[in-house]
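Next come two complexes, and both contain chain A; in the first it sits with chain B, in the second with chain C.
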Partner chain A sequence: MAVIEAIETVYLEADATSVTFSSIPTTYEHLQIRMHLKSDRSSSSVDGLQIDFNDDGHPSTAYSYHWMRGSSTTASAGGLASGRLRLQNMIAAQGGVTDAANFSTVILDILDYRNANKNTTVMALMGSTGNWSTVSFESGLWDNTDAVTKILLDQVNGPNFMRGSEFTLYGLKSS
Partner chain B sequence: MAAFTVIDHTELSGNAASYDVTSIPSSYDHLYLVISTRTDDVVYFDQLGLRLNGDTGTNYSWTRLNAGTSAVTSGRGSSDTSIEYLYGATGSSALADTFGTMTMWIPNYANTSNFKQTLHQWAQENNSTTDWQWFVGMIAGLWQDTSAVDQITLTPLDGDNFVQYSTFTLYGVTGA
Partner chain C sequence: MADPAYIVDGVLTDGEAWVPIATIDVTGTSTTTITFTSTDDGQVGDFSQYMDLFMVGYASGIYGFDTSLYLRYQLNNDTGSNYVYQDLDGDGSNATASTGSSNNFGWLPTSNATNVFAAYTGQFFDINSGKYKSVIAQTAMDGNGAGNRVRLLASTWKSQAPITEIDFYEPNGFAFVAGSKFSLFGILPRMVA
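The block that comes next holds the complex of A and B.
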């Protein structure tokens, strides 16, 4: 049996407010989500990718995140504590200014997602080049030791992921 | 044939001074290690050292890119006795139950013609935005030896221990 298995792929045939992976099996050791995505935010060429675990969404303050990035010619870093989990630097439509065919790429690792003795932590590589040109390495924390059984992805501003966005959840086994 | 095979998976049932996996088969193309660890050192994040094949000589170098403040910095070290600056573990000052994350690739680990390069990404999360209470980064490492890698040892460099529930998963990766 394969050590890495595709659990589910979501390909958006139409704009969607969010994407949810639910009933995630506890038979893996680690999870990975590979994404090619774009927000329809009209007022900017960049948006945030917000992640909720197990329906712990608004008004939760159980999340923290940090990042370092190179944006055009400038490197910077930062983060937020005790709020929501928001990865930076997802490309956005900016009212059609951004090239319609240009999407961001994200590889998100969720390690030991079912270990009841650990808070859930994530690492992500994210990049896009266009109106918003950024490559970033980011991390996140959910201050909760529950096994992750549901992942909801949406935008900080949005309100939609655009048609053509694709999300695949993989499970990595340890035996 | 499966592209990924689990060579070793270890979850610590108590404290341990190191993670050491030996007799790694040479039958794969690449190695991929995923760790989720915490140490008992009284720090927010802890530095690990990587040695290959038990070599304690000054044969290791590394180049880093990282941030623990609003500034992104880089640096390097050479002629070290391990690949250092691997901040793959949280320390005991970080938020309880929070473990550090790190992934590591060793491409072409079994070839006997080239030095061994390693590539690492690590993140030390914490519910804090205070400088140096969080840390993210990446490292390129070098072992100046052409031997096939058959042993991997990760050790907290300050002499402390990995704590219970730390996990290490080593995969062998096969090409077509």
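The block that comes next holds the complex of A and C.
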């Protein structure tokens, strides 16, 4: 029996406003989403990666998030409560200022996702270089005890993930 | 030639997504470079089948002075100025950040502190794409009072070529201490619709 299985891979062959993983199996202990992605935001070289669980996001007050990061020569930390879970470090095209081949990375862990008695806390490692140069360790909370059955990813500004962005959802078994 | 594990009776399947490719155990005192090379044969060592690569390391450098050296990485034997990085460091007292144009990866403890090794992870993303290759690395090094370092690092190799070789080395040419260990895993995408 496999310990880590690839549940679904989405590889964008055209720009897309969002990526959704739905009908998530209940046969795993934990989930991990590995991403190599970029926003098409034109006015900046950085965008936020938004996450909604179970369509709770339009609007919701159930999310909060915080981070520590190194950005150029500044080490800092911060956090916010919001209607959306917003990770803070996704590279954006900035109207072509960012190299076309330059994408950023995210490893997002969603632990004990099918437990219906605990809020959901996520953990992310993110990295970008270029005009927006930042490495970060981030956390987010969905203040809801429902089991996670659907994950929607989009951008704070966007409006799209760019062609070539890649997202793979993995399931981790414990026994 | 045997089929990869995800080919069962000629049928593509989705089995174990993380595949152990190779482990290198350092012996002796002369190993200055750790090299993982794609076997290009359709077997587990063939990088062309993977979405990402994941390295786990535990290492120290042979040097009888100071508390830390450097660990760098190199892809496809590219020695050019095609690497950029962003790091976030903690030394037990302060957090600092820096960015620059080199193939920095992490800190490497020295044999000046006997039996002290540092722990590493390194993740290489979408390694067969036509995009630049992105890396996230973590270093945890505790010199038991001196030479404490933790690091998060993001790096980009500004090449659109597939990754076929990964090297790790100390830039001043110091060898790895016997007992240093590096393991490489391949991470498969979902293959069956």
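One rule holds in what follows: the second predicted complex is superposed on the first by the 174 of 175 C-alpha atoms of A that agree within 3 Å, B and C clash if a C-alpha of one lies under 4 Å from a C-alpha of the other, contacts with A are read in each partner's own complex, and residues count from 1 in each chain.
Here is the rule we use: a residue touches a chain if its C-beta (ideal position, glycine included) is under 8 Å from a C-beta of that chain, and two chains touch if they have at least 3 such contacts.
The model shown is predicted, which means the values in this text are computed figures rather than measured ones.
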In the superposed arrangement, which partner chain does A:His30 touch: chain B (first), chain C (second), both, or neither? first
Between chain B (first) and chain C (second), which does A:Ser174 come into contact with in this model arrangement: first, second, both, or neither? first
What is the contact status of A:Ala75 with respect to chain B (first) and chain C (second): first, second, both, or neither? both
After lining up the shared chain so the two structures overlap, which partner does A:Phe137 touch, if you call chain B first and chain C second: first, second, both or neither? both
Where does A:Ala2 make contact in the superposed view: on chain B (first), on chain C (second), on both, or on neither? both
Touch check for A:Ser104: first (chain B), second (chain C), both, or neither? second
Quick check for you: in the superposed arrangement, does A:Thr129 touch first (chain B), second (chain C), both or neither? second
Chain A positions within both the chain B interface and the chain C interface are 2-4, 68-70, 75, 125, 137
Touching chain B in the complex: which residues of chain A? 1-4, 29-30, 64-70, 75-82, 109, 111-112, 115, 117-119, 121-123, 125, 137-141, 143, 145, 172-175
Within the complex, which stretch of chain A touches chain C? 2-9, 11, 34, 36, 68-75, 99, 101-105, 107, 125-130, 133-137, 164, 166, 168-170
Hey, which residues of chain B end up touching chain A in the complex? 2-6, 9, 34, 36, 65-72, 95, 97-101, 103, 121-129, 134, 136-138, 164-165, 167, 169, 171
Note: in the complex, chain C contacts chain A through residues 14-18, 51-52, 84-89, 95-99, 123, 125-126, 129-132, 134-136, 138, 152-156, 158, 160, 187-191
